[in-house]
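Below: a set of structures, written as structure tokens.
In the two complexes that follow, subunit A is the common piece, with subunit B as its partner first and subunit C second.
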Partner chain A sequence: MATSVLLACGLNEQKLPGFVHISEESNVDGSFLISCILGQRLRISNAGTLLVCLQHHYQHYFNAGMRLGYNTNIFQGKTLNVIDVLSDMASEGLSCKWLKNPDGLTLTEQLVEDIRAQVESNYANRNSYTILIDNLSILFNLGASKLQVQQFCQDLASLAKERDNLTVITKLSNSDIYQPTDNNVAKLGQVRIQVVRLKSGVFREVDGKLLIERVLDEGSYACEEARKEVLYKVNDRNVKVFTPGEVGVKV
Partner chain B sequence: MLSNLLVTKQKVVFIIDELNRERIALRFIDSLLHEQGQEAGTIKTLPIGNLRHVSSYEALLNECGNNNNNNQSGEAADFKSSPTTDTGSSSTKAEYNIILPTLADLLCYQTPAYIFSFLNRLRRSEHVRRVFLWASPQHLQHHHAQYILAGCEYLAELILRLESETLLSLISRKPGGGVSNKRYACRITKTEFQVTPLDGPAAVGSPKQPSPEADQTAEPASSTFKIELDEDEVVARNALTLPYERTSEPAEGNIIYTPDADDDFDDEDPDEDLCI
Partner chain C sequence: MTSFRKRNVQKPIPGTRTSPHTAQIITSSGNPYLDVVIGGGLPVGSICLIEEDRFMTHAKVLAKYFLAEGVLSKQEIFLGSLDDIPAEMLRRLPRPLTEVEQREEQIASEQTGETGENGLRIAWRYNDLPLVSSEHATAKIGHHFNLMEQMDSRMLYYANTVIWDDSHKDNWIGDGELSKSSSPSISMDQQPMAEAMGEEDSTAVEPEANVEADADGDIKPLDNNATTAATDSTANNTATVTTNTKTGSQPAVWPQNVFHNTRYGGLLNDIQQQLRDESFITGTKKHLCRVCLTSLGSPLWYDDNFGEDLLKFLTLLMASVRNCNSVCLITMPMHLIAKYDASLVPKIRQLVDYAIELESFAGSERETHPAFKEYSGLLHLHKMSALNTLAVHMPETTDLAFKLRRKKFVIERFHLPPELQESPANPQSALAADDIMASPKCGSNVLINSNASASLDF
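== the complex of A and B ==
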């Protein structure tokens, strides 16, 4: 269903890099990548996953998962844990801890606390642990500043450095105005996936392009990087990828 | 090598990186220092986890001073530095190379005013030999990023601008007030950073259009005087301590005098032996 796109991104392995960042350009949606990665992590036995829902609530990921061929409800509470910020806000209103700032903690500090608590209680029982955060730019809408978001990501990156087999995967819609924040988050990790629209316009067979940058080795003066570029199309029940130039050439 | 140009007697080195290499900033500067034979014990950094608290910055300054006096500080463990191995030399001279976190990371936790103040204190500290600060404009998200960059340039004595994969410029402010702005071609690999000066004023200066008159008066290639220095000459020049610098060193001076048999050390009449 989504194996090809994960293969193209190098995220189909059991052991993932410590920090992976997905940058989303204006007018494209990279949420399918979160669903694809979530499905892949859930299929690995004894791999823990924490899903932090900021852009979509949990029900969205359940529905997307059903279309991609996995059922998140089976795993929830076992290998899958969820911090559903949006649903909490909808059900509890202004008394919700995300809006009330209890103990003087900001929204991002509160999130870090909760993520750390989840990791503390679940990490030891799992072979590997993945934290999926979709989507950092929603934090701006909830009142966080750019600096707070950067600090939040640095805290997450240090969490990943503290533990082996812990992976943090973030996504940020840069909306053409958060590019420096995007760069600052991307530098924390080894893999950056940029979801960009087609420069030539809209095409019915291709939704956009994935630019994948992977740091292979950090030298003293330059990094050795692998770059890959693929086109993608999100269908109803799967995601297809193409090599640039492949689409339309049919013999 | 780039390290020959950057690891000099100038104290504040500011690196502006247009190539988005911020992730290797620390390693980059560390390699420059190691190439010039700076020991690991003389290199100090501020870990990113400590940037939130002002006390960490103060502790770094204090630690430089305390270590210089060979006093062990309890806060020393907060900073990444190897223990100094030499026992004699460090007690007389304060010679720490401070590698600050990148400007984007500093701005994430502290105000520009505090950063400038801290940079200035490092510059004035007699225990600090060099301070390195790295800034990538693409990573600066402060509203007044341009002004902050300009402020850092104002405080710096050496400003390296990595313009492209093959080009860099270096502004050097000398203690006497002289300023030079040179451009270099560069060749970067994972482990080496080779630089070659771009010859001629046309290559060094701003994009001026050369006039025909200037072409006529241009210096011939086989000039009597050789003005440019090659790499080995730069190294030799940097290594040389000039006589006036030797005399200005704060080492304690002792006059060693072996008295003759006829010497008379009568304090009441010190000129008695002059027969006047």
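== the complex of A and C ==
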């Protein structure tokens, strides 16, 4: 269903890089990538996953997962744990803990604490652990500063360095507006995936472009990087990728 | 004992159906043409942003369609606005067409389609094609409305409606205290029938304050001064009505430290109170709530932390709307917001599921342009996001235009006027074609990039 796109991004392996960052341009929807990665992680036996819902509710990932052929409800509470910030804010209203600063903790600090608590309780029982955060730009909307978001990502990156087989995957929308933050967060990791629109407009057979940058070897003086560019099309039940030049006008 | 089991089919929410393409529960936006563009209707839990035209004529019409559909489908309605008078807006909802009228209209439109405006037929084989291809729906939702006439007040009387106009701002109290004063919520349920009928009689024959019909049946906005004067007079007329409908209800709690501008807190608190009702809980499939906010982010909302508050409000609104059986339509003066802070526009669009811009020709050069004479404006689809599904519905074309006719708001595929002669006798029409081809707004207007010619993707 989504194997080809994960293969193109280099995220189809059991062991993932420590930190992966997904950048979305304005008006481009890259949440299909989160659904694809989530499905891949859930299929690996004894691999733990923590989903931090900031842009969509858990229900969205469940429905999208059903389209891709996996049922998140089966895994929830076992290998899948969810921090649903949006649902908390909807059910508790303006008195929700994410909107207040209990004990002087900011939103990002509270989130790091919750993530750490989840990792502490679940990491030991799992072969690998993945933290998916969708999406960082909501933190800006909820009042977090650029510095706080940067600190939040650095805390997560250090969490990934402290433990083997722990991967952090973040997504940032409107990366063209938060360009410096986006670059700084991407520098923390080994893989950066940029979801960009087609410059030439809209095409029925292609939704956009994925630019994948992967650090192969970070030496003392030079950094070896691999870059890849693929076109993608999100269908109802799968995601297809094309190499540039493959799609053309059919006569 | 047999293996036969009675199938428990859950009753659908009134006014909704399941989309055969995305398996989502969708409800009509009120305008059948807009429904076709967005794939049958608005998915439950979605937020649709209508970016207002300069004179706010057309966006308000779409908002009225949205509200009228809610009244007819027996759904609950929350209407909030600072710029408009919500009670007055509700009284001016369009009247639904009866089945006979719908059939007559269909026959009339078919006849018009056959002969064309000037008795011109371009090619017979295009006759059967619809203006915008419609989806084959298993169950029909949505109604047709007549914009020239107003909805019967008895229909409004039985509608569950809550309105918000910030008239309560002095009644907010500190955290933890209970209010003894009236709530911001104004329920139309408790409005006396006779009073509603009386008001309806006085306003039923009034034409729309800010529109006038021209000879062709199309409606065009009046000039600014006239509109303002008309609005002012309406405001004076309805002030007494609004105060009469106020009723006391639950206490309100001051939302501390969340918003700098207290209006956002008040409005959000009211919306959340409304949406927390048991009948809107997801999965129960009992009722649907329609939240309509008009002119959100207009200059009346401005303060020092305008952008920060607006984004926070929209994020929390998104959380609330997605968490229950509700659908939301917001109209925003995006051209003014862009002048305030251009970076707010993509941030706002990120927080909604559908972003539709209405670019009206009124007051612009295009109003008298021969290429655009058939239309009132262009409709730009800026964003359509996949909610509770993987892929988003894409309309057949994104080159769309709208026209506000006397009785209805029509969205059509945008096309150039037919070339009747081999060489353009009128140099103006040649210029028109050039202008359209050069216009960045024409063509593929979804996610269009200004430096499109800079490079190719394939």
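To be clear about the criterion, the second predicted complex is superposed on the first by the 247 of 251 C-alpha atoms of A that agree within 3 Å, B and C clash if a C-alpha of one lies under 4 Å from a C-alpha of the other, contacts with A are read in each partner's own complex, and residues count from 1 in each chain.
Please note the rule applied: a residue touches a chain if its C-beta (ideal position, glycine included) is under 8 Å from a C-beta of that chain, and two chains touch if they have at least 3 such contacts.
Being a predicted model, the structure only gives us computed values, none of them experimental.
Legend: residue contacts after superposition of the two complexes on their common chain; A:Ile74 is shown touching neither subunit B nor subunit C.
When the two complexes are overlaid on their common chain A, residue A:Lys187 makes contact with subunit B while staying clear of subunit C.
By the touch criterion stated above, A:Ala117 is placed in contact with neither subunit B nor subunit C. In the superposition on chain A, A:Ser158 contacts subunit B only, with no contact to subunit C.
In the superposition on chain A, no contact is made by A:Leu7 with either subunit B or subunit C.
Of the two partner chains placed by the overlay, only subunit B lies in contact with A:Ser220; subunit C stays clear of it. Of the two partner chains placed by superposition, only subunit B is touched by A:Gln179; subunit C is not. Contact with subunit B, but none with subunit C, is seen for A:Lys146 once the two complexes are overlaid on the shared chain.
Taking subunit A as the reference, the larger set of touched residues comes from C, when subunit B and subunit C are compared. Residues of subunit A that lie in the contact sets of both subunit B and subunit C are absent, per the superposition on chain A. Residues 26-29, 31-32, 35, 56-57, 59-60, 63-64, 67-68, 86-87, 89-91, 93-94, 99-101, 137-138, 140-143, 173-174, 176-177, 197-204, 206, 209, 231, 234-237, 239, 244-245, 247-248 of subunit A are the ones that touch subunit C when the two sit in their complex.
Those residues of subunit C whose C-beta lies close enough to touch subunit A in the complex are 21-22, 253, 255, 257-258, 265, 268-269, 272, 275-276, 282, 308, 311-312, 314-316, 318-320, 322-324, 343, 346-347, 349-351, 355, 382-383, 385-392, 394, 398, 443-444, 446-449, 451-452, 454-458.
By the touch rule above, subunit B contacts subunit A in their complex via residues 20-24, 27-28, 30-31, 48-49, 52, 104-105, 107-109, 136, 138-141, 188-193.
Listing the residues of subunit A that touch subunit B in their complex gives 146-147, 150-151, 154, 158, 179-181, 183-184, 187, 215, 217-224.
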